[in-house]
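Each of the next two complexes has chain A plus one other chain: chain B in the first, chain C in the second.
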Partner chain A sequence: MEVVEGLMTQSAQLREAAYLSDQNYDQQIRETVASLRHVISKKSLAAFASNASLLDHFDPVADSLVYLFLLRAQIQAFQEESRENVPPALLPPGNLWSRIVTYLRAFDPVQVRYAGQEWRQLVEIVAQAAQVVSKPILAVRPVRDAMLRLDPSCAVFTSTHLLLVRLCLRARAYTHALPVLDKYVCHFPTSISHATSKFPVLPCAAHDSSLSFITETSGISSKLAYKDYLQYFLLGGMIYMALKQWGKAAHYLGVVISMPTAGPISMIMVEAYKKWILVKLLENGKVSSPSNLIPSHTAKLYQSLARPYVNLAHSFQRGDLENLEAEVDAGRDIWCTDHNMGLVSQVLSAFSKHTVMGIRQTFAALTVKELADQASSMRMSDEATESAIASFIMSGAVKATLVQHSSGTSSTMLRFSAARSSPQFSDESKAQACLARESQSLGALMESLHEIGHHMGLSNEFVDGMQRGQIWANADDANTGIGEDAGLEIDEDLMGEVP
Partner chain B sequence: MELPPFSLEQISKLAANNFPPSQLFEILSQYETDASIMSAGSGSAETGGGDPQLLSLFYSSFFFAHLLTKQLPEARALTQRMPETLRHQDPSLQNCLTLLRALWQTQHAQVYQILRGLPWPESLQPLVRRYESFFQDDTLIAISTCYEAIRPSTAANYLGLDPQTAEQGDSAVIEKFTSCGWTWDPAAQLLHPSPIVVQTTDKPSSNGIRETMAMLGNSGK
Partner chain C sequence: MDTLPDAFPSSTQTRFGAPFQSAALGPSSQGLPGMSENPEVNTRIKVHDPPKFDLESYIANYVGRTRFDRLYLIGTSSTVLSTEALKLAVAEAKSGKDVSQYEKAVRALSEVAPNEEDASLDAVWVHNVQRQVQAQSERLEQELRGYKNNLIKESIRMGNEDIGNHYYETGDLLAASKAYTRMRDYCTTPNHIASMLFKLINVSVERGDWLAVQSNVHRLRNAQSKPEDQLKNQPKMAAALGLAQMHSGSYLDAANSFLSTDVSLADTFNEIITPNDVAVYGGLCAMASMDRGDLQRRVLENSTFRNFLELEPHIRRAIAFFCNSKFRPCLDILEAYRTDYLLDIHLQRHVSELYTLIRTKAIKQYLVPFSRVTLNSMATIFAPEVIGGEAQPTSVSSPFVQELIRLVKDGVLNARIDLEKGVLVSNQTDLRTDVQNKTLESLHSFNQEAHLRILRASVLHAGLEVRAPDSERRSRLNQGPNLRGMGMAERFTRGGLRS
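Right, the complex of A and B next:
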């Protein structure tokens, strides 16, 4: 019991230190963390670990650090007792599970910056426990909320980013990922020497950027590999695909395919390229050239590795429905193997919409009957064709209007014109909302750019660091193959399930 | 904010209250964890774990909350997250799936038939009625920009009104459209829709635009 009393005293001291200067608070937190790590390593709490009421003596918010370490001690004790990584006592909806979830919603984000490793382990164990009971949805909110609590900007890429998108895909809870996915990832955790070489920063101080406290040594992220970053953007793209946000999906997949690589392109990149083609067709009805960041030889390599997809895109863009259907049929095994059958089906369904959009280039107005004659894909009754066109217009995909005649026997006129666009007020408010969103994004990007500029300008070691980063990336590239395949196994199962 | 415990009363209360759609969605979203845990627990062999009545009401209400916030793809994802046995056997969830299909295929007339004709549980009725009204308003706004001229029967079909009565130029039906600013040409027997302006509650902020433009200007230097 002496140990517990000691913890209570330490926690009380920490509460008082919060009102002192940043230096004093920093020192107090460091001492507390060191002491707690010592207690855990010596297993001094082993006797109390299984005592659920132990945590009742502490407040998860005010005593965040102590609470975190006590949770760790309890988990460790149960793990040792059961010899399982996720012991039964930890599974939802158990008492310990509830305590962890409550903690992840309420912890003090400043104190936790000093115990990043323990915080991450807690987040990871929540994800594992939810998956053990085949309910990944249970971990989605706690993980996401914990991430946003620790770093509301989510601008520094961490292993938890990848964990969250995986959970959301597995749980089919796509919108839950958006508060993180919609933010820009601008940095990787840097080595502590970069951040503190000339101007030591205290994690507990107020920071313009989370890059100051999410470092390689903070433990907030596990060690990252090149592949993790690619997978995050591939899986993120898949989430946007599931939500039919084709523009954002194309952007995320575009990040993967334009990733600089010294060696050969990886399977993840090829996978992303295949999806990127389909997503671009769904977004615009055509496949524009990929980013000019991709060297021409890499672009050629992509095209040769994704030949059936390129052929499919050509048929689509030529407006040749018969050929398109033939390509879809011929490549059925390929789409199924790649788990892209759902997307290919959507491409086929979107053909009519893009045909109508294409007819706009030739005609200013025509009757629905004439349109059906022009577009071989509209093999329906006039009434059904009109209804389909109306739904394209209502969804905002086609800018046109319909003019019916008083007689039901006269074919309705379709006018491609912007004259009857939404009222001015609506346009202005939309533009304003769009500008406000862009303003926020721009603000976040400017801050990150400033941060990068700051490091580049002040740190002499920056270039050395970049060189080390190159070696790191190259070393990982060299391992492309088995490792990549192993990583994709899980994802590919998920890809097929995307509607 | 701590929510009241997950119970039939609480979900019924939420379904009956007129919360703004986004608020309703957020509250129900927080209960999904409870529902998921409950469904994994012990229960009857037929319906899976937990209280089937509560789970059915929760998932149906949450489904409608998705529709009220115009999240159709995510509503579809929700149907895949529902406990499988319950989804296959519960009449209310089956109705939700039928409704989803009609919405996915933009079958307006069918949507009204499903909302009005299928047997929805009493406690879900407020949300069903609310969505019907929402869908009608939303469709009215959409066709007001889609059509320059429209026959009353077509317009009535989109809004779930009787097409035959509308075809005969029934004044009560025509009045419904003209009250929204549409004009009625009795000679041609055509309605001329006028785009409906939906004002947002957000106040215009010219400062925001100014700041953005300034930022764009600075970043180019």
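Right, the complex of A and C next:
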């Protein structure tokens, strides 16, 4: 029992230290974490592990660290007892489960920065437990809330990001991921940069950017590989697709396809490119050229690997329905194996919508029959066309009204409302809200930009100097620069071939 | 030897002929300038209406080779005047020394009127002329060689000039222009240079080499000649430049050149262009390319160009009608003279395009004051034949409405068609919403672009770029995480140091 008392004194000290300067607080937390890790490894708590009441002595908010390690010890004990990764005692709706969930909502984000590894393991075990009982939805909210609590900006990519989108996709709880997805991920945990190595960073201090305390050594994220972030953005794009937010989906997929490569491209990127084409068609009816960050040889690779999709987009943009349907039929196997059949069928229905929108540019009012004549793609009966148009109007995609004549002899009249009707109040306030939101994210991006500039050792003067250098540099210098790079790459290839 | 200026590509006719069908359907003009019935000579435009001019007096305005070219063009294009024109052409060719011209004219005549006595080849004459020409060529070349041995600049120049003139007369235009170009090195006075350049311009016009015409005019402008000579040459230069610009399709430049042509042109340039031509070309180009204010200020109130317009009063009237927004009479005048212009050697290819431009501008101009205008009232002005001829003059199938639809789709008219009420509604723009939307859009796209770039930089900084599976592990082990970032920083420093 003296172990528990020792813990209590430690946490009491920690509470007092919170009012001290950052340095002292930092030191106190580090000591506590070290001793707690020591205690855990010695398994001196094993005797109390099954005793649930032990946790009652501590407050999950004020004694976050101790509570976290006690939870950890209990889980470990159960794991050893049942010899399973996720012991039955942990499964929802057990007592321990609800304790963990409550803890993840309430922990002290500053203290936990020092015990990132334990925190991450806790989050992961929550996710696993929920999946073991086949209710991933149960883990979605705790994981998301824990992430947002630890790092409200969510700007540094961690393995938890990927975990969350996976859970949301499994649980089909797409909207739950939005609070995290709507924030721009801009950084990756790095080792401590050179600029700051002289002055050790205190994780407990207040930071502008979460990049300062989420580092490679903090353990908040597991070791990352390129596949992790590619998957995160692909899956994020798929969540937006499920919500039919095509613009954001296209952006997420655009991120995947324009990531830098050292030679080969990943299959994830190819998959993203295929989806990106379809999403672009759904978003505005045409495929604009992808970002100019993609080197031309990569773009060519994409084109050749996603040939059926490119052809589909071509016939969509040419406005040739027969060709489009032929492409869709011919590629049925391809769509199915790529799991894109749903998107392709949506593309087909989006085609007639875009045709009607095109006609809207030319006509203010016309009969349904005349519309069918104008748009060769609409070769349904008049009634079918009419109901199709009615559904477009109801979905809000086309602003128009249909007027049926009482006599019933003449065709129904379709009248598009003026391209820009008088500005309504709701539009104004909506636009204002949008502007505010965009400018906010612009601000966040600017901060990230400063951060990355700082980390890479770039300043405005530096960039200016480099520009001048580029102007002065003659062809000879440029060649040596390229030569260096090429030399490095060849070196890598040679090494790669040696097993 | 294909030296005729006009190759008359059939594409211009098919491209621009179509929109004109509606305008030319009037009862007065039965014979439409359409595609030729004879597929073998389908590069020729066929004109069935009698023109307003008298052939004899028309051709009397010109001197030199252009007489034959014009007669031949009329003979092959107009069905009414073919025999008369071709007979004159044969006579014209026979009075000169160009055998190929003569053969061409005789061949054309034998197709149209095989029974004419001129329709058979005068073998004796051909033989004689060929022999003479051959002897002359040899003599001149011999003389030139002699001059070159004596190294007297002036003699060499004159020798070259004689050879050039000789080739020009006998129809070997390529050799002629080469001979004239050779004069360049032996020109000693500005006068010589000017006369050489004019000869080059003449040959280039004959050959239809409009780029050469333009470059020679520019050379002439930069030549250091005396101010009074400059003044004397100005009208010819301006007219030649205008002609070249008209042929290259830049009608506004052409109009400006013609408008700046001085009255002193009179009949000094009859081997190329007459003052009447300047009036017609200048007027049509101006109408096709200038807005109403400019037309009024720079054409009608232009004191020098007025002298030209007095020669062609109907052009003046058409422009005046256009300026006063009386579009029907304006278009009527132009229609009435369509046949004449189709038989003009330089205008033939451009008539359709110029007329389309004028008509489109008229329609645009007509719509300016209206927020909505009935299709009927538009049709009475722009397509009177539709009103009389069709049961439903403003239904979607009528050619006039089709023309409007095309204009709207091409974005020429900022309006939409209301087929129910039979009106054309101009689009109201709401600047406030426009600006809001544009701001939002640019902000949004900037944010996305910035995110993409920041993320890319972070990926490179963290050493997480996509790479082949085995090389990834190795590089992260061996070279540390931010190899790429370091490399970049190194390059930056070099640039910085240099500056």
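Throughout what follows, the second predicted complex is superposed on the first by the 393 of 499 C-alpha atoms of A that agree within 3 Å, B and C clash if a C-alpha of one lies under 4 Å from a C-alpha of the other, contacts with A are read in each partner's own complex, and residues count from 1 in each chain.
One rule holds in what follows: a residue touches a chain if its C-beta (ideal position, glycine included) is under 8 Å from a C-beta of that chain, and two chains touch if they have at least 3 such contacts.
These numbers come from a predicted model, not from an experiment.
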By the touch definition at the top of the document, which applies to A:415: first (chain B), second (chain C), both, or neither? both
Counting only touches as set out at the top, which of chain B and chain C does A:170 meet: first, second, both, neither?
neither
A:275 in the overlay: touching chain B, chain C, both, or neither? Say first, second, both or neither. neither
Notebook entry, point to check: In the superposed arrangement, which partner chain does A:439 touch: chain B (first), chain C (second), both, or neither?
Noted result: both
Original post:
Given the touch rule stated above, what does A:258 touch, chain B (first), chain C (second), both, or neither?
Top reply: second
Winner on chain A touched-residue count between chain B and chain C: chain C
Chain B and chain C footprints on chain A meet at residues 415, 420, 422-423, 435, 438-439, 442
Touching chain A in the complex, chain B uses residues 30, 32-33, 36-37, 40-41, 71, 73-74, 76-77, 80-81, 106, 142-143, 145-151, 153-154, 188-190, 195, 197-200, 202, 204-205, 208-209, 211-212, 215-216, 219
Given the complex, residues on chain A that touch chain B span 92-93, 133-135, 137-138, 141, 171-175, 242-244, 387, 390-391, 393-394, 401-406, 408, 415, 420-423, 425-426, 428-429, 432-433, 435-436, 438-439, 442-443, 446, 499
Residue positions on chain C within touch of chain A in the complex are 396, 405, 408-409, 416-421, 423, 425, 427-430, 432-434, 436-437, 439-440, 443-444, 446-462, 464-468, 470-472, 474-475, 481-482, 485, 487-489, 491-492, 494-496, 498-499
Touching chain C in the complex, chain A uses residues 184-191, 216, 224-226, 229-230, 247, 251, 254-255, 258-266, 269, 291, 293, 360-367, 370, 373-374, 413, 415-416, 418-420, 422-423, 427, 431, 434-435, 438-439, 441-442, 445, 448-449, 452, 455-458, 462, 464-470, 472-473, 481, 484-485, 488, 492-493, 495-496
